[in-house]
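Here subunit A shows up in two complexes: once beside subunit B, once beside subunit C.
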Partner chain A sequence: MAHPLQLGFQDAASPVMEELLHFHDHALMVVFLISTLVLYIILAMISTKLTNKFILDSQEIEIIWTVLPAVILILIALPSLRILYLMDEINDPHLTIKAVGHQWYWSYEYTDYEDLGFDTYMIPTQDLAPGQFRLLEADHRMVVPVESPLRVLVTAEDVLHSWAVPRLGVKMDAVPGRLNQTAFIMFRPGIFYGQCSEICGANHSFMPIVVEAVPLEHFETWSSLMLEGA
Partner chain B sequence: MVTSVSRHPLRLCSPSDVRTQREGLQRNICGKDIQQLKMPDHIDEKLKNYRTAPFDARFPNTNQTRNCFQNYLDFHRCNKALSAKDQDTAPCMWYQRVYKSLCPMSWVQKWDEQVEAGSFPGKI
Partner chain C sequence: EEEEEEEGFRLLGILDVQNTPCSRDAILHGAGGSVTAGLLHFLATSRVRRSFDVGFAGFMLTTLGSWLYCRMNNAKLRVQQRMIQDGIKNQIVYEGTSRDPANKPEAGTPSGPS
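Presenting the complex of A and B:
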């Protein structure tokens, strides 16, 4: 989850998010370099004692400040397109989960083998146990096996919602009557939080998403328990 | 001289494969009955190893709505077609597994009710 005064992204839990993180660092470095250069030039212009009343021209500097930005843009575009195509790769998922948005809770369905479905509501602030996170905890978590390619189909039952988990680099709109597919692999076990990312009414801020990645055996145990409890 | 050949469905047709048309049988390109292709064994194998709906090249993009709906339609059409010919409907179970994986339970429930009531909008 995000922590106070955080500046950067949360740590990545999926390969795509890790790529996005590195690309962001790369692009931000370019931005800092350009900004520093421009700031330096502005300061130099302001503080110089030299004056010149005549317009000068110089073919060399014109060439430099045309070619260099073009090169920088290419250096930004190439990794960007690489990640874009990486995100679009055909993958063969091991598990399909449906995330359905309602006003104002999420429900998850695991129907590859048996019909397992459950709702998850936010834990109200007054019911939180010590150490739990305000507005982020939910009574049920979307449990998934770690290191398995997953497909999540996002939809909604009433109004627009959006299923987002920053650490996985996933944000997918939940549109009524439409099934939006997103895929990811979680490469570390843990608990990952997200929040509804499309305004959906009074309790839009109070329908969090909690994904828990566990080893496969634990996932099988959990799904058996959930089916028994249902 | 006709040598014995494998019964693989994709082998070239030999003269002994050509049969006269008989009513009520489905034909492949060599005029074989569907049963001779051993469909149920393939399907049993596929269903036993089923994990989740595989990638379908007809629906490569983010929007998978049609993928879900198409498999639902295909299941019912398959059932209707095979039942009409008094054949085993086991091959249709593939479509059912796929649509169960992809479609939200509420959609399936609604469509099942519509099918029973005769008001399902799709063509089965």
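Presenting the complex of A and C:
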């Protein structure tokens, strides 16, 4: 999860998010170089001894400041498009989960093999155990197997919501009457937090998403227990 | 004990040179390239202001070149790392089965003196 005063992204837990992180580093370096250039030009313009600055022309500088932005845009666009298409690659998911947004909780349905479904509500601040995170913990987690390609179908029961988990690089709008699909694979076990990302009413900030990635045998145990308890 | 991560130093408040791979090397190479280009130009022409401009251009080009080269190598390493990880995982998962990657087809019986 994010820590206080954090500026950068959280660590990646999926290959797509790792690629996004690297692309962000690349774009930030380009931004840094452009900012340095602008700063230098400002300093140069302030300190110039030229008096007739506004009646000069130069074909060379005109060519440079036409070609250079095009080159910079290409430097940014190529890795960006690569990730865009990488995110849309067809994979063969091992598991499909439906995430349904309600006011103001999420419900998850695992219907591939058995009929398993449950609601998850935020744990109120006064009920948190020591060490738990305020506004992020939920009473039930979406447990998934690690290292397995997963598909999540996102929809909503009432108003717009959005299912987002930053560490997985996933954000998908939950639209009533529509099924949106997103896919990811998690390469490390852990607990990953997210929050509803589309304004949906009074408790929009209080419907978190908690994804727990566990080894496959633990996932099988968990799903058996959940089915027995249902 | 909880360890707190130190916030990396950010150049111009933007670039975290400590935690971003390749950034520190790129900036250092850029600084070296800048000083070299500026100095050489000044020694050749004795024009101070223009030498500063050349030095700055050298900084931009060297930083960008070093950055792109390092990131490309980094990306290749990551791909190889992922392939190795997948190979190790497959080795563990399929060991002893017909899909074991270590299984090699048997060689034909060599002929020899009877």
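Points worth noting:
Methods note: the second predicted complex is superposed on the first by the 225 of 230 C-alpha atoms of A that agree within 3 Å, B and C clash if a C-alpha of one lies under 4 Å from a C-alpha of the other, contacts with A are read in each partner's own complex, and residues count from 1 in each chain.
Keep this in mind: a residue touches a chain if its C-beta (ideal position, glycine included) is under 8 Å from a C-beta of that chain, and two chains touch if they have at least 3 such contacts.
Small disclaimer: the values here were computed from a predicted structure and weren't measured.
Applying the stated clash criterion after superposition on subunit A shows that subunit B and subunit C can sit side by side.
When the shared chain is aligned, subunit C comes close enough to touch A:M29, but subunit B does not. In the superposition on chain A, contact is made by A:E147 with subunit C only, not with subunit B.
In the superposition on chain A, contact of A:D57 is made with neither subunit B nor subunit C.
Legend: residue contacts after superposition of the two complexes on their common chain; A:K98 is shown touching subunit B, with no touch to subunit C.
Seen from the C-alpha centre of subunit A, the directions to the centres of subunit B and subunit C diverge by 110°, a value given as a multiple of 10 for the model superposed on chain A. In the superposition on chain A, A:A44 makes contact with subunit C only, not with subunit B.
Once the two complexes are laid over each other on the shared chain, residue contacts for A:N180 go to subunit B alone; subunit C is not touched.
In the superposed model, A:E89 makes contact with neither subunit B nor subunit C. Legend: residue contacts after superposition of the two complexes on their common chain; A:E217 is shown touching neither subunit B nor subunit C.
In the superposition on chain A, A:T111 makes contact with subunit B only, while subunit C stays out of contact range.
Of all Cα pairs spanning subunit B and subunit C in the superposition, the closest are 18 Å apart.
Applying the stated touch rule to the two superposed structures, the subunit B and subunit C interfaces on subunit A have no residue in common. Against subunit B, the residues of subunit A that register as touching in their complex are 90-96, 98, 100, 109, 111-112, 115, 117, 151, 153, 155, 157, 172, 177-182.
In the complex of the two chains, the subunit B residues touching subunit A come out as 50-55, 60, 62-65, 67-68, 97, 100-106. Looking at the complex, you find that subunit A touches subunit C at residues 3, 5, 7-8, 15, 18, 22, 25-26, 28-29, 31-33, 35-37, 39-40, 44, 147. Interface residues of subunit C facing subunit A in the complex, by the touch rule stated above, are 5, 7, 10-12, 14-16, 19-23, 26, 53, 56, 59-60, 63-64, 67, 71, 74-75, 78, 82, 89.
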